[in-house]
Each structure stands twice: as structure tokens, then as C-alpha cells.
Amino acid sequence: MKILLINGPNLNNLGKRDTGIYGNTTLPVIVAAVKKRAKELKVQVADYQSNVEGDLIDFIQDESASADAIIINPGAFTHYAYALRDALVDADKPIAEVHLSNVYSREDFRHKSVIAPIAVGQIAGFGWRGYIAALELLVDRAKNNK
Amino acid sequence: MKILLINGPNLNNLGKRDTGIYGNTTLPVIVAAVKKRAKELKVQVADYQSNVEGDLIDFIQDESASADAIIINPGAFTHYAYALRDALVDADKPIAEVHLSNVYSREDFRHKSVIAPIAVGQIAGFGWRGYIAALELLVDRAKNNK
Amino acid sequence: MKILLINGPNLNNLGKRDTGIYGNTTLPVIVAAVKKRAKELKVQVADYQSNVEGDLIDFIQDESASADAIIINPGAFTHYAYALRDALVDADKPIAEVHLSNVYSREDFRHKSVIAPIAVGQIAGFGWRGYIAALELLVDRAKNNK
Amino acid sequence: MKILLINGPNLNNLGKRDTGIYGNTTLPVIVAAVKKRAKELKVQVADYQSNVEGDLIDFIQDESASADAIIINPGAFTHYAYALRDALVDADKPIAEVHLSNVYSREDFRHKSVIAPIAVGQIAGFGWRGYIAALELLVDRAKNNK
Amino acid sequence: MKILLINGPNLNNLGKRDTGIYGNTTLPVIVAAVKKRAKELKVQVADYQSNVEGDLIDFIQDESASADAIIINPGAFTHYAYALRDALVDADKPIAEVHLSNVYSREDFRHKSVIAPIAVGQIAGFGWRGYIAALELLVDRAKNNK
Amino acid sequence: MKILLINGPNLNNLGKRDTGIYGNTTLPVIVAAVKKRAKELKVQVADYQSNVEGDLIDFIQDESASADAIIINPGAFTHYAYALRDALVDADKPIAEVHLSNVYSREDFRHKSVIAPIAVGQIAGFGWRGYIAALELLVDRAKNNK
Amino acid sequence: MKILLINGPNLNNLGKRDTGIYGNTTLPVIVAAVKKRAKELKVQVADYQSNVEGDLIDFIQDESASADAIIINPGAFTHYAYALRDALVDADKPIAEVHLSNVYSREDFRHKSVIAPIAVGQIAGFGWRGYIAALELLVDRAKNNK
Amino acid sequence: MKILLINGPNLNNLGKRDTGIYGNTTLPVIVAAVKKRAKELKVQVADYQSNVEGDLIDFIQDESASADAIIINPGAFTHYAYALRDALVDADKPIAEVHLSNVYSREDFRHKSVIAPIAVGQIAGFGWRGYIAALELLVDRAKNNK
Amino acid sequence: MKILLINGPNLNNLGKRDTGIYGNTTLPVIVAAVKKRAKELKVQVADYQSNVEGDLIDFIQDESASADAIIINPGAFTHYAYALRDALVDADKPIAEVHLSNVYSREDFRHKSVIAPIAVGQIAGFGWRGYIAALELLVDRAKNNK
Amino acid sequence: MKILLINGPNLNNLGKRDTGIYGNTTLPVIVAAVKKRAKELKVQVADYQSNVEGDLIDFIQDESASADAIIINPGAFTHYAYALRDALVDADKPIAEVHLSNVYSREDFRHKSVIAPIAVGQIAGFGWRGYIAALELLVDRAKNNK
Amino acid sequence: MKILLINGPNLNNLGKRDTGIYGNTTLPVIVAAVKKRAKELKVQVADYQSNVEGDLIDFIQDESASADAIIINPGAFTHYAYALRDALVDADKPIAEVHLSNVYSREDFRHKSVIAPIAVGQIAGFGWRGYIAALELLVDRAKNNK
Amino acid sequence: MKILLINGPNLNNLGKRDTGIYGNTTLPVIVAAVKKRAKELKVQVADYQSNVEGDLIDFIQDESASADAIIINPGAFTHYAYALRDALVDADKPIAEVHLSNVYSREDFRHKSVIAPIAVGQIAGFGWRGYIAALELLVDRAKNNK
């Protein structure tokens, strides 16, 4: 089993961004933690981060055929990136949407996700551990044939 | 550590409700699974289900002082039960909001949660395993002093 | 054939409520009239009234398996009780929504029913006779295999 | 007692229109059924159908003075024909609004009726039998002096 | 100088319509009054009334080339008849919109005119005398080259 | 019979304001024209202009008891001056609202009048002659006992 | 004279709830203070609190016939409990709506009361003393025959 | 293959309407051009224009059974004629919606088409040549079995 | 202790305004009653009324430094006078907003107060006695150090 | 004559994307077909596809000076890419907006195009042949000097 | 060159108002600073402040003919004073709108300016120095003939 | 002191874009002017322009740590680029938002800035000189310790 781990804009900046909101774990540390857990679950992880919507789309187009599921934290693209959404729909794989912070207790514009309606589910507000949970839940889901 | 596991209206009906949406695991089975995992994590679980908003409020008022965190699937109360929200605010404990289905791919009225803004986070769309993830995430969070 | 006859909040007060709007027939008289007509049609009726949304849900959960259809006047729950709606969806029986008054000529909040989209149909504005019509229409519908 | 039975646009096409939504009874058969029941109730029925809003208005202007009540299925005019509404207000007779399908479980634009606020009541979703019920309810209402 | 005097739906019913709102002068009497005043002003008047939007459009298309201005009471078409509006725009003559009643103190839907933005001006709430004023104002306006 | 002629903000500037919109007649000339026509109709006119909402209210409070009707062009106060509206309601006299320009073909904010719902009627778009028409219509109305 | 003193959800928790918002006086202390003042005014008080909307309705149905006025703090039910509103309308007594906190300086959802339109008046933001003021105002009002 | 070519209100006026917007080709010329191209494609065309919504519905009801596709320019009916939409739905043929002008760069009310959601597609802004393109595209589509 | 008693537009007209809504007590009588009660409570009162928003602002700027609290009935300025609101914010004293009538059962525009979010609290619907209650509540509040 | 043929995000994926919606022709095949037809019309075509909004802008800035018209399918950028819109406005050439699917019968967010108001016209719902039609219409338009 | 420097409500209170938001420079100091800079630029400045909308209008009407440009900080009038806007439009001079604070990071009602659409430009958030910048920019603009 | 000077999409096109709106100064000329003035103020300027949102984010992430303030003209990204906003928030430096044109007098979509709420302030409508003013204001602000 292979999972794409995709991070959107500004997530490369974790550890430097407002740590009260996002925690102080850096993205490489998170990716490593996800890969470690994935290894335990005998799952392969291909990770990618970009601040460019179109580059995320390119990655999804290139890699999704060989993948079984997608974990994505779309950052602020969550709220308007319909082209990213289309790429995820085209990928036609189970998607877990992850947010580090609880988007529902922040600014109004963060309450609407254009990705959520096409995902399997969403995990928000539990910091970097949300990625691990997403991984485990997607794997469980796959094992149990949904 | 002690966690309240609260289920709102119609969740006592799981297994009978539309299984394409909610899965066919019954609530007692879910509660047992949560308790089993809790035991492994050395966490106590007090569970409660009711179809009456006021009864859920009574339970939260009575039990939250002795608890460290709350897992709640508010069912359809998610979308309008401001009194339940107030009770959860008063409880002043970390709250994980769980939904079996992906509320964001269903009817419009399910896209708005009056509970989410006061929760730590939300897990939606991963069926009953979402409860287990919520338990693990709340425990992790507590261990790491947030 | 068995039909559930469910009345929501404040309908136990009929005859005392504003008679210009609701008429002066009491609920027991209405229930008796429905049962009399049901007997003629060889249909069984189980009736229930409560001011508590959760109690209505309990009744629906307990009784709907043995019933063939539901007549419900949800009173003011019509406009916000999504948990009641979910219980009715779970019941998976044909539903007739009845209102004594013409809700569309009253306050704005009465113009939206959260129940209507999941009912077979709605009868509003014809006073207590609307219940009789609902009974006859549900029976006709059942006889004609829809 | 005399009742006007008015059908709006596309209802002349019943039996050919999507039968999953509207049933496969034709309009002449419905009108005949209403007239048969009316005869039993010693009520006269004058029926009219048109696809032209203005022609429906003409009919109402010409015939309402001699009528005691109106049954109308305004078809899609339900949602925007304020001139038809004005004609019905001018007629100053009790009005029953009938819809074959449950307009509340269809497209958004069908959820709003510009006729409903000026009618006595509405019957929707019970197919052609809704006309019969409307007839009986209007007659009952007249007999009981409302 | 020639003026078209156009009346929309239900205005043929004046005198019979709610006289508290519309007054009890009939349309022929109003038309005669307008023509009498027009004669004094040496203006020709061609009048037309229809309950059919398309017929009003036909009249405007046929007659506007030979006319210098238009007085129109669009009745309830005021609020939605964009095709009528297009016909009036095509006519390319000064238009006075007249309403017998004060539409701004009545139902919400009457507060919006789709005709007003393309008219020279509007007179509302002064009963049938509003037509006379409209006539005088259009004539004055023409004489003074606007 | 006595009529108050009230002009709101910036109307003292007529003749200097955009003449394409408001015409090039000055306010004193308009007031004189209204008074001349009033004299012919044996009506007394008391006129007032101010750019201060509160001063207009003072004038209405002081003068309305002795007046029989009010002609008001509230200028831009039309769109938000609820205190002015309250003063006009308190005056309890028939009110004619006049606008020089067609407010419905200008900016969106000009489409809503907070005065119109409490007036007898409105004349808009016919320049200064609208005042004369308002005077004549109010006088006619008074003579005919409405 | 007899007054019903009704408190909605979470108000039994006063003294424990966020004291910065609600003060630290408990509900029994407030009820005692109201009853003490009532005794001075020779008014009887029957008090009730519940977290269940339906139970509040039951209390109102049972007790309002023998009461002369109602003081109610509906808690968060203020914002959506239309069935509670209907029960209060049915009671047909003068109602004073009380809020401990200034609901207008808190979350958006607290700005709308479904109870206020059917009350005599509202007192908000003055803590528990608002109940005393409500009592005095209702008594004054009754003495002065409104 | 047979195609209905339907034109709505005011399109009979082409060549006289604002030629900056609609071009100066008349409707007969357009119809002739479509028929000429149709002949080349061995397609029959039945054309109809009316300013009356109901007459367009009549035509569609009468002619659609024998037709294979529909080209319609609904004129201003585009924006509100739900009855026309219902007739087109009932016809159950592929529909091409044509507009001479680019409705999206004109008034707000022209941005919403009630027809578009039930059409195969839309061509707007290319003047009378849009009809020819619509014809070719519908024919291509039919030949290629969609 | 010193309190400012401020009354906005049209309140100088009390006793003459619609007495069904505002009661028939005049403003001088109300001011006298407030001052009498204030004397009993050993509180000084400085009162002011104006129909001019800017004059109310001037008064607040001049007098608030020497005052301990403000009672204000902003009249219709309640709904739009943001400059008045700013003056009250600048004053930085506890504010009680008073309305004679229940604004929530009147026109829609009266449901929104731009003052309420910056006040301590609001009393509405209890006529002139609401001022007395406001005085007592502000004094109580001050005595108890909030 | 030279035309730019621009395709936005995910259109490089045609043939793999949901073929029920987009058809199964790949983008190179479409581009080839457009170029073939262009050659027949003696028109040059420069084509470009990118998933990056900024790259599309770069292409437009670089190439539009030498081009006579633009055919663009902006993919999901249609709905929010105002920067792309600005680039197209700056290009100052006639633009044809093409969509493969009928965006008006899909999700709500697809009903609004930020590009349409600045285009000459739009062709939607006719699959890849829409590009050919756009080419022909732009060429015709140019030949006929609009 | 002569510039009007106009300050709206509560700006006379600068230095006393919340200094965290508005800074602690008083209005006379600001005016002096603007005049000093103006002198350097050989520009005359006429300044005015009022809390009364109508007085600001009077000033603009009286002074704008002799002025070349206007700097205005409309205070809270920014958000609703359409009469002030009309006066500024009538003045027909280049207008710079200045705000001390960043209105876009404050309450919602401050996000909308009714003045901005008719100004040359806006400077917000840079404290009193914004006035100096406005002066320099207006002078530059004038020198460069825009 | 070091300032980032960032320009968003299409600003590289200045001088070629609609000069009536944007002026005819090119971006290199503007950047040179800003740098010249910066040199006088002993401030370093690092400038960057891109049409790609993600590239702007990259630049901000790379350069903001070494900078003291940011001047940004986000072009059309102003209205939807929440990811760019997040990058600016993360940078945690004072930001001046500059627009060449008065965005408030142009299309509706330009009236909302997603950047403004997180900026220190905004300068709009004064052409390229707005950049110079922004520079001076940021430097002043820094010197004066805000």
C-alpha cells in the first residue's frame, strides 16, 4: 500500500509559524514521524510540499495512479483552490484532509473547505498527530475494505 | 485520566440506520471498542447516550468535573443545539467532536457545526474508528501537556 | 396496516391555544376521529404526543419497525428539529406531515420545514380534517402500491 | 356549491411527463375523478387548464364570482406568477393549492410558493388523490362554516 | 404627440378588486379620464390592457414606433416580467411607471420593480390620479425638451 | 389647507449639483413655483430646507400640528434616516415623497427608501415638476376625502 | 398576583459557569432574592428550571393558567426554541425576558432571540439584579393596568 | 433528423432592437440561415417565435415528440420562466441554449439562466452565428451518439 | 455619583407620539421621575435631549468625564448612528440602553442596535419605568463594584 | 490571423478524468483537431496548458501582443482566478471561453465564471467540439469586422 | 492651491479617544502639522471639524468652490452618511479619504466606506501621518495634471 | 532598515495595462523611484514581482526574516489569495498594502481585500506615488517606534 502525503502553502514554514496555533514541530519532523508509523504499518509514503497550487496538481497527476490513498493538508488552499479539488477528484483515491489547528475556531474564511466534500473525512485541531491518525484510519479503512 | 464518551440523538440506533452512511457496527460494540482501547491506554471511560438534548446537558453537568476530556458525537444536535454547546463550554475540558460520516459531503444543514468552534478538534468520515482516534489524540495531547 | 400518529410540542394544548389559528377541537377528539376513520379503513393507529424532541425520537425508534406509515404534526419542531428528522429518515416509512394552520401565511420562521424534504407529502391549513385526509391518502397510496 | 378546478402549465401533459415524479394518470382522468367525487358531494366543478398565465387570470376573473372555492395546481407558476396570485386574491374565495409531487424534496426553486400565503392550505406529494382530498376538505370546511 | 397607456394584469378588474387598496374607480373610467385630459393637452392616447405578458409585448412592439411616450401600470408584472422590460427598452421612448397603491407599504415582493430602472420615473400611491399626473409630466417633459 | 414643503440635504445646492441628474432649476425657483400653484389651489405652503437631519425633525415637530399634508424630498436621508422617518410617522399627516431623479436607475443604495413605507405615495424622476404634481395629488386626495 | 420564574438550560449551573460572564451568584440564591422581593410586593412566585425544552413547555402549560405574568431566562434556548416560544404565546401572559449577560456583545448567534418578539420586554446585561428589575417592572405594569 | 428552433420574447424584433447589443440581422434572416445550413446537414428545422410563455410551451408540447433536438433562445424568459423549463424537461430532448449577446457582461439579472441546468450546453455572445454553431454541435453530437 | 440621562430624536415628542406604542407620559415627567429616584439614591443626574446626532455627541464629549455612568435612549439613532456609538465608546463609562417599546416586536430595522454591543445592558419594552430600572441597576452595579 | 488556445488546470489530464463528464478525447488530440481546422481557415494557433495560474498569465502576457484572439478553457480557475482575468483584460483581444461540460448542471461553485464578463462569449457543454465552434465563431467574427 | 481639511465626528476628541487605536496626537496638533507641511508646499489649508453631518455638508457647500482638493476623515460617518457623500460628489474636487486606524482590522461595520467609491483614493492605518501623505499625494497629483 | 517591495500578478505589465486605470509608468521605473527615495531615507529595498502566488510566498518566506517591513501590491491576488495572506501573517512584519487604482470605485470583487485585515494600513488610488508614501510612512512609523 502506498500513500501520498501532500502539504500545501506555508506548511514548509512549520516551527516558525505562530506556534500557539500550529505547534513547534517542523514539517520534516512530521514527515519523518508519518513515515516511521507507515513503516510499522507496512505502508509506503511519498511526500510533497509546495506553495504553488499548480505544482500540487502536477504532483497529484503524476503520483496518484500508483498510490492507494492521499493525506492532504491543503493549508489556506483549503478555502478556494477548486483546481486542486478537481485534481483530487480526478485522482479517484480515498482522501484524508488534515488540519493542524481547529479551523472552526478561527477566522470565518477558514470555516469552509472546498476539499472536504470530496474527501473521505477530515481531522482538524489535533496538531501533527492528526497526520498519524489519518494514516492509521486510511490503512484501517483499506484493510477492512472500507 | 477519565474521558466522557457522549453520543447524541439516533446514535443508539446504529446498525439499523442507513448502513451505507453510518456503517453496521452498533453503539454497544463501538463503546466496548473505545473502552478496550482506553484500558490499554490506562484511561477510564464513562459513556452516555440520549435522544434528549437536556439529558445530555444533565450528564455533562454531573460528570464533567471528574473528567479530563470529552469525546462527543452530537448527532444532528451538531447543527442547532446551542444549549448543549453552552454545557460543553461550561465543562471547560478538551473536547473531540466525532462524526461517523463525512458531514461535508451530505445535506447543506450538516455543513455547520455549532459545537466545532468550542472543541479542540473534529474527526469526521472515518466511521467508528474515528472514536478510537479521538481517544488516542486526546490522550496524546494530555500526555504532552497539549 | 398500522400507522403511527405523532404530535409534537404544544399540540396537547389544542382547544386552549389560539382558536382562531388552530380551531377549538382538542387533541383527544382529533385522535379519536382519526382512529374512528382508521377503523373503517381497517387500519391500526398508535398515537403519541410529547413536548420533548427526544421522547418523540424514542417513540419513533421503538414503534416504527412495526408500522407501515407515519402521520406527524411536528408543531414548532418542524422548523429546526434535525434530530427528529433523522429519526424519521431512519424509520424508513412513508410520512405525511400535517399542519393545522397554513404555515405559509404566518411568521417567516414557519415557512421552512426541515421535515418536508423527507416526507411523502404535506397537508397544511385544513385544521384537524387534515389528519383524516393524511390517513386516507397514506392508505390509498399503500393500497395502490404507491 | 361550485368549485373551480384550475391547472397550470404542463399539467395538460400528465401521463407523458416524468411518471416517476408525476404519476401516469392523465389530466382528463383526474378531472373526471374530481367531478365524480364532486357529484357525490353535490358540488359543481368548472375546470380549466392553460399554459398561459394570463389565460388562467382571465378564467379566474370570469368564473370566480359564481364559485364558492378554488382548487388550483399552479404548476411551475407556483414559484413566480405574482399576477396569478393577485387574480386569486381578487377572487376572494377559499383556495386549496395542490401539487402532485412533494415540491419540498425537489429543486430549490420549487420550495417557495407565491400562492401558498394567500391560500387556505396546501396539499403536496400525494399524486392525483391530492385533488380529491382538496375537494373534500374545501367542502367540509364550507359545511362547517370554516 | 401620442402616448401609449398600458395596463397589466388584473387592472381590468378595478372597481371589483380590494377597493381599500385600489380605489373603486373602474379601468374604463380611468382611461376616459386620461383621454379627456389628453385632449385638453392636445395629446393622442392609445390604450391597451391585457393579463398576458406576451400580449403586452406585442402591443408595445406594434405601437411604440408611432408613439412619443408610454404610461404603464404593469400590475404584478412589475416584479418579475423581464421580457416586458426588454420590450419597453426596445421601444426606446420615455416611460412613466404608475401604481395605484403605495407598493412600498405592502408585501416585500412589491418593493422591487424590474421596470423602474428603465423608466423616466415612477408615480405610486395616488390612485387613478397618478395616471393624470403621469400624463401631464410626460407632456411637460416633452415640451421642455426634457 | 396648509402643506409643509421639506427639502433635505444638498437640495439647497440645486442648479449647482450635477445638472444632468438634477436639472438646473434652483431650489428657490422650485419653491416659488410650488407656492404659485398652491395659491391657485388656495393652499398655504410652509417650506424648509436643511442639511441637518435633526433640524428637519425639529421643523416637522414644530409645524406638523398646523399642517394638513407634507411634501418631502429627503435627499440622501431617504436611504438611512430612521429618525426622520419616526418624526414623519409622529406627524401623522399624508406624505408625498418626491425625488428629482429616478433613484431606481442610479446606485444600489438609492433603491431603498426608509420613508416610502410610511408615505401615501412617491413621485420620482420627473424633476422639479414632481413637486407640483405632488401638491396637486395631495390636494385632490384631500378634497375627495382620500 | 402570581409570577412564574422560569430558567432554561445551564442556568442551574450558575456560580460554576464562567463567572466573568455570568457572575458568581448561584441560581438558588437568585431565586431566593426574587422571592424575597416578591414577598415585599405581595406577589407569589413559582420557579422552575430545566435543561429540557419540553419540560419547560410542560411547566408553562401546567402553571400559566394560574399565573399573571412570566419571567423567563431561556438560556441558549433563546436562539432557536420555537416550541418554547409557542408555549409562551399560548400562555397569553405578559412575559419579561431576562439575560444575565449582554447577549449583544457576545457571539453572533446570541444576537437573535426567538422569544423577544412575543415578550413585553427584555432586560439583558445586568446580572441577577435583572430578575429583580423584571419582577418590579411586571408588577408596576400590572398595577397601572399596563 | 429534425430540430426545433425556438425563439422567445422580443426576438421577433431583431434588427430593430439595440443593434450594438443584438446585431442588425433580422429573425427571418437568421431562421433562413439556420435552415440553409440544416439542409446541407440533411436536417429538418421547425421554427417558432412567440412573446407568450404559454405559447412556447404549447409549441414544445406539440412538436417535441417528432423532434430529435431543440435550439432555443429564450430571450428574457431565460431568467424566470420555470414553466418553460418544465416544458423543455418534459420534452426530453437534447437542448442547446443560444444567446445573441454575452449575458454575463450585462445586467445582473441576466447572469442566471433557469434553462441552462437542463440544457446540453449554452452558446452566448457570438450573435446569430451562435445558432449555426448550435445546429452543427447538436448534429455532431447526435451523429457521434453523444 | 453622577449619571448622564440622554434621549435621542423624537423623544421630546413623548405624550404626542403614538401612545399605544410609547405611552402618554411626557419627557419632562420622565426626567423628573428619574431625578426624584436619583435623589433618593443620592445620585446626580444631568439630562439632555436632541434630535441632532452631532449635538448628542457634543454633550457626551463635554459631560462624560465628570460622569460615572450613562443612561441613553437613542431613539431611532439606535439603528444606524455609528458616530454616536463611537462617542459612547470614547466616554468609557458603563452604559444602559433603554427603549420604551419592545423594539423586537416592531419593524425589522428596529431589531438591530448599533449601541447594544458597547453597552453594559439593555432594557426594552417596559415604558418609562425602564429608565428607573436602568438607574437602579447602574447604581447597584456601581455599589457592588460591578 | 493568429489565435491563442489556452487550457487551464487538469485539462492535460483529459481522457483520464471522469469520461462521463469530460469525454475521452485527450488534450493533444483536441489541440490537433483545432489546429487542423485552423489550417483550413488559414489561421495560426499557439497552444499552451498549465496547472499554474501564474504560468498562464505569463503566457498571455508574452503571446497576446502577436495574437488576434484567444480561446480559453480556464478549467476550475474559471471560478476564482481574478489575476488570470486581469491578464486577459490586459491582453485586450476577443476571448472565447470554452467548457467541455455544462457547468450549469454541476456543482454550485461552477455556475459563476469570473472570466465570462470580459469574454466575447461562452460555449459550454458540447465537449471538445466546442473548441472548434469557438475557433470558427472567432474567425467569422473577425472576418465580418465583428 | 487650496485644500479643505475636514474631520468628522469624535475626531475633535483625539488624544482622549482610545490611544491604542487612534494614537495620542490631538487634532489641533495634527492640523498644525498639515498646515506646516502645506506651507512648505505653498498650499493653503482651510480646516473644519464637526460632529454634525449637516454642518460638514454646509462647510463643503460653502468652501469647495474656492478649493482645489479635499482631505477628509469622515470618522464613523464613513459607513452610512450618504448625504455627506452627495455633498462631496457635488463639490466635484479630488478627494483623499484618510483614516487613522486600519478600519479593515476592526469591527465589520467599519469595512464598508460609502465615501471611498467617490474619492480619488484612501489612506488608512498610518495614524496622523496619513494626513501628511494625503496632502503630498494630492499636491503631486495636481502638479502632474493627475 | 530593510523593506521588501512585492508586486503581484500583472504588475510587470504596467505601462501596457489600461493606462487610464493604472497610469503609464512601468514597474522598473516605479521600483527605481522607490529605491531612490529609500536611499535618501537610508533604507534598503529588496524587490520582487511574480504572477505566481506560490512564488510570492516563497519570496516572503525566504526574505522576511532579514526585513523590517513589507510593501505589497498584491494585484488581483488581493481578493482571494489566502495562502499569500498566511505567508504575510507568518512573516510577522508591518505591512503596507498599496493599490495603484482606487479599488473601491471599480468592480465589486475588488472591494474586498483578504490582505487588509492583517496589514498596518492601506494606500489606494494615488498611482505609483502611493508606493513612495507607503515607504515614508513605514519608515516614519519605525522611527517613532510605531
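Chains here go by letter, A, B, C, D, E, F, G, H, I, J, K and L, matching the order in which they are written, and residues are numbered from 1 within each.
We take it that a residue touches a chain if its C-beta (ideal position, glycine included) is under 8 Å from a C-beta of that chain, and two chains touch if they have at least 3 such contacts.
In this text the structure is predicted, and so the values were computed from the model without any measurement.
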Joint neighbours of chain J and chain D, given as chain labels
H
Comparing the two chain pairs, does D-E have more C-beta contacts than K-L, or is it the other way round?
K-L
Taking shared residue numbers divided by all residue numbers at the interface, is the value for chain I and chain K over half (same) or under half (different)?
different
Could you tell me which of I-K, A-B or F-K has an interface matching C-D, in the sense that over half of the contact pairs are shared by residue number?
A-B
Rounded to the nearest whole Å, what is the centre-to-centre distance of chain H and chain K, using the mean of the C-alpha atoms as each centre?
54
Could you please state the distance in Å, as a whole number, between where the Cα atoms of chain C are centred and where those of chain I are centred?
48
Multi-chain contacts only, two chains or more: what residues does chain H have there?
52-55, 80
Every chain pair meeting the touch definition is listed as A-B, A-J, A-L, B-C, B-G, C-D, C-G, D-E, D-H, E-F, E-H, F-I, F-K, G-I, H-J, I-K, J-L, K-L
Can you list the residues on chain D that touch chain H in the complex?
8-10, 12-13, 16-18, 50-55, 75-77, 79-80, 109
Given the complex with chain L, which residues does chain J contribute to the contact?
52-55, 57-58, 61, 80, 82-83, 85-87, 89-90, 114
Which of the residues in chain L end up touching chain K in this complex?
96, 102, 104-105, 113, 116-127, 129-130, 133, 136-137, 140-141
